[in-house]
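Before anything else, here is the set of structures, which you'll find just below.
The following pair of complexes shares a single chain, chain A, combined with chain B in the former and chain C in the latter.
Take a look at the complex of A and B:
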């Protein structure tokens, strides 16, 4: 008890220095948490994927479509319970910077396969009855201020021309992991227009979403589907939704790796700052430590004092930093909703923040603690800071 | 009268551990700052080197990228008939009609796929891009299932090395050569015979038409004529403009992320410098009193401590830039969001970036040192001398 009081008193001997060090740790822990959350947001789609959904696409690459006729053959594969057509639309809303994912889908089948997109039954009916209708995510509608009945014009980049849509339904996510920034419209609308403007591109599907009964048979079913189309003009590649989305993440893997590395750099920076603080404190107190030694305290006790002080300051900073992370992540998530539709602070991140703070406290004291233990009494008593 | 600089230098070297730790913190921040600028510069340089100012790229209107574009044969022929299209020495026009598609390849040693640009070229293509040279092996024979790969792709992707085979479009394609495009974006592409690739991918339309202008200044004329022609649905861009637009988003992303991080991180390093300088002032209070008693002004004391903080910044900055310059040997490869394809580029250190990084370090030192230096300057002689 007495030792604890000594540690806390020591920590506050240089109020300003301790306050600055703590502030540094707060900033570091906050930045670390934010960066880890950014990485988490990168993987958000992967985390939300379902094991019972497969995606079948052209084996060459996503820019090549598949013939419409494949759908019936895929549906006949054992284990397949549902299929849905989808095309990436890639239109531009007013300006290139307004990016959001747009898909032409056959609505009934698609939304059945995605129970996590919750749509009001009445709104969904209105969408089904309107050939130019679209379903938009709640966050997307908020971002652009769309309401039911609003017209949304998109300029096609892959499918040329200008396209008019009417917001008929707004979907919500079943949980906060669901992406609420997507835009869906009728596949038939796209196809009918293509039949007129570019018949060779009509009746082509970007990818098929395949629902299977049992997630454990995913590998087998995928193989069966791909075997069906081997040596055809459009060979397929079928994988689980998770693998498909991971493929996207891995394309920008270098950026994820860079962010992850940088998030550790801030911890190292603050380790240097903290180590400096502890080294200065220890240097100033050499005479005291020599006195304590002379009275009979063992060297490990002195190291313990320093260690306790270091850990105390680091954890104070850590706790404050974690507390600050919650509002900051919330605010940042709102600002960056276009880039990161799902931006959530995970408990794993909080635990890592805490561990990082503790590590900083530990590493900062290694050298000063060792020196304090080793210093001979006579030298210590003679020392001038 | 100013306090000699040697006082500042010696004060720093007297407390080596503290100086080193503080400078290390600053160095790491400068390292992050410089690395990001270098990455952005590398990206910019790669794409600037890719396009030529006097080449014109024609794609379908509104399609943004070559991959999304389609230029019908008839339209391509109209482009070819424009009087502004240059001719090569031998006679044929310096114009190339190219199909450009993406194929999904696995990275070496993993099953992680990425999209790679594959471009069908014609004899004129090479003359239009003088930076591209066959570095290993040989060029593909026209009319065969042979391809050549950019050296960034050959190194990174399975099946793209010399002598290896790739399978797509129901055929096996042999990589017979590697080309070096001088660090431009073409290093991240695979090239084959245009007609063979169109056949394999069952394409009837080209993706883009590239041609050299006889007179670089005639661009506006030919652009206006092509875009207003009722038979055409195309847009014409200078090749260099087209490629620099392709990097806009990725470049902005890298820059915003980097600047945000640098600012946040720098506050940590500034705090480190502040702690060090406050401690320096506290332990040298007696010295400061002596200096003042000797006749040095408050301003001189302020400057001496500011100089010390800035020197810390300079040491940290130099170490940070030195560390960042090592990144020169690391190359970076990611998917460009806009083109949805793999692009390799390198960290490029320019004198400007080095200067900016040093300035950044100096400012950090200055910000960290200002309050402590002001405290030192405000000390009263009597109090300072009495302090022990």
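Take a look at the complex of A and C:
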């Protein structure tokens, strides 16, 4: 208790210096946590993917469709329990800046394969009975103030023209990792319209969602599906949902790497600041360390005082920084909901923040602690504080 | 009053020498010093700046190691001890009184005095009793909860003296104990040190420039350019 008292009092000996150093650590830990959360949000879709869902798309590129007739053959592959078709719509709601994912899907099959999209049964029935109905995510509805029954007009880009929809259901995520910013409407609505406006584009599917019984058979099932269509006009590439989503993330991998690098550089910078603070403190207390050594305290005791003080300041800053991260992530998430529909501070990130603060406290004092241990008593007693 | 008769000397120094390396050159600081200090003596080391008196004090206290000669304190060959053995020996055998007190500013007077007892096996309760007794002896019981910044120079030095005697060391080493004090405070401190020597038989070796401080001692040892030049027995207490 005596030693702990000495450590804490030394930490607050220079109030302003300690306060500013702690503030620096708070900001660094907060920034670190925020950047790690951004990285987490980048991979949110990947983390939410299911091992029992496969995506079958055109092997050349996702922008090329697949024939509708493939679905029956895919469903017949052993291990496949369900299939659903989907097309990326890419329409514009009022302004191009109002981006949100839009899919034409065969809703019954699609929502069965996505149990994490929780829809009220009555609302879903209303959607099923309305050919122009749409199901929107809760966050998306909140963003634009949509309520049940509201009309949502979209201007088609991939599928030109004006498209009218009516909000018939609002889904919520089964957990906080689920994306609640998506927009779904009937695949038949799209297809029927295409039959009139662009027949050559009708009966074409963007990708098939394939449900399998056992996630361990994903590779085998994927291969079987692709074998079915080898040497056809539209060869397929089937992969797990995770691999499919990772493909998108990898396009922006450089950004993710840069963000990760910056987050660690922030910690290294604050480590240098902390090391400077501790070095100043150690220099000022040379005479005290010499006195303690003269009295009979061993060098490790002196190093322990400095380590304790450094760790105390760093962890105070770390805890405050972690506490501040929660409201900041919440606010940032609300601002960036269009870019990051799922923006959550994970416990893994909190643990990393705490570890970063602890490492700052430990590494910053390595050199000053070593020097304190090596202080020659006679030289230290001559030092002017 | 302690008997300074024919007892074995507490501090036995024979042909002691010490030099430092400064800028690649070997600078002798002490040359061939031979000196005895009996238990219960109060010795003042005097001499001009650079005469080696603080170096001699540091060697006797086990803060530094000699290059030549022998140095025994209470039968222990100081020069033969390792660093950790020296630290343990100092904790048990030596009390320090510094010119600038060297109290820890974030600790109260009580906590500063208690510091050396952390190296003993005394319980917290026992430590408290010892500290109260020591502060009582130096007349600062009512200032126990004050930090050094709240004490005068003389009071700080008395706290330092309490810290120096708390573990009941065989030797008290004082380096210019009155160097930073006004005349009245200096007199108080010297009177206290005199009582510690005269009434409790504490052996004190003090470095001082101050003639008035030297009068508190019973033997004056003069050094010049690292050589012991003179020893004078002062009048009794």
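We adopt the following convention: the second predicted complex is superposed on the first by the 384 of 385 C-alpha atoms of A that agree within 3 Å, B and C clash if a C-alpha of one lies under 4 Å from a C-alpha of the other, contacts with A are read in each partner's own complex, and residues count from 1 in each chain.
One rule holds in what follows: a residue touches a chain if its C-beta (ideal position, glycine included) is under 8 Å from a C-beta of that chain, and two chains touch if they have at least 3 such contacts.
Quick caveat: nothing in here was measured; it's all calculated off a predicted structure.
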Fit-or-clash call for chain B and chain C when the two complexes are aligned on chain A: fit
Between chain B and chain C, more extensive residue contact with chain A: B
Touched partner set for A:370, first chain B, second chain C, both or neither: neither
First (chain B), second (chain C), both or neither touched by A:144: neither
Vertex chain A, arms to chain B and chain C (CA centres, degrees, nearest 10): 90
Partner chain in contact with A:160 - chain B first, chain C second, else both or neither: first
Partner chain in contact with A:354 - chain B first, chain C second, else both or neither: neither
Touched partner set for A:43, first chain B, second chain C, both or neither: neither
Nearest-approach distance, in Å, of chain C Cα atoms to those of chain B in the combined model: 13
Shared chain A contacts, counted only where both chain B and chain C touch the same residue: none
Partner chain B, residues of chain A touching it in the complex: 16-17, 20-21, 23-24, 27-28, 31, 35, 59-64, 90, 92, 96, 155-158, 160, 200, 231, 233, 237, 246-247, 250-255, 259, 262, 265-266, 268-270, 272-273, 275-277, 279-280, 284, 367, 385
Touching residues (chain side chain B, partner chain A) in the complex: 17-18, 21-22, 24-25, 28-29, 31-32, 60-65, 67-68, 101-104, 107, 112-115, 168-170, 201-202, 204, 233, 257, 261, 264-265, 267-269, 271-272, 274-276, 278-279, 283, 332-335, 337, 340, 342
Complex interface listing, chain A residues touching chain C: 2-3, 5-6, 9-10, 13, 287-288, 290-298, 377-378, 381
Interfacial residue positions of chain C with respect to chain A in the complex: 55, 58, 61, 63-64, 84, 87-88, 90-92, 96, 98, 100, 102, 104-107, 111, 114-116, 118-119, 163, 175
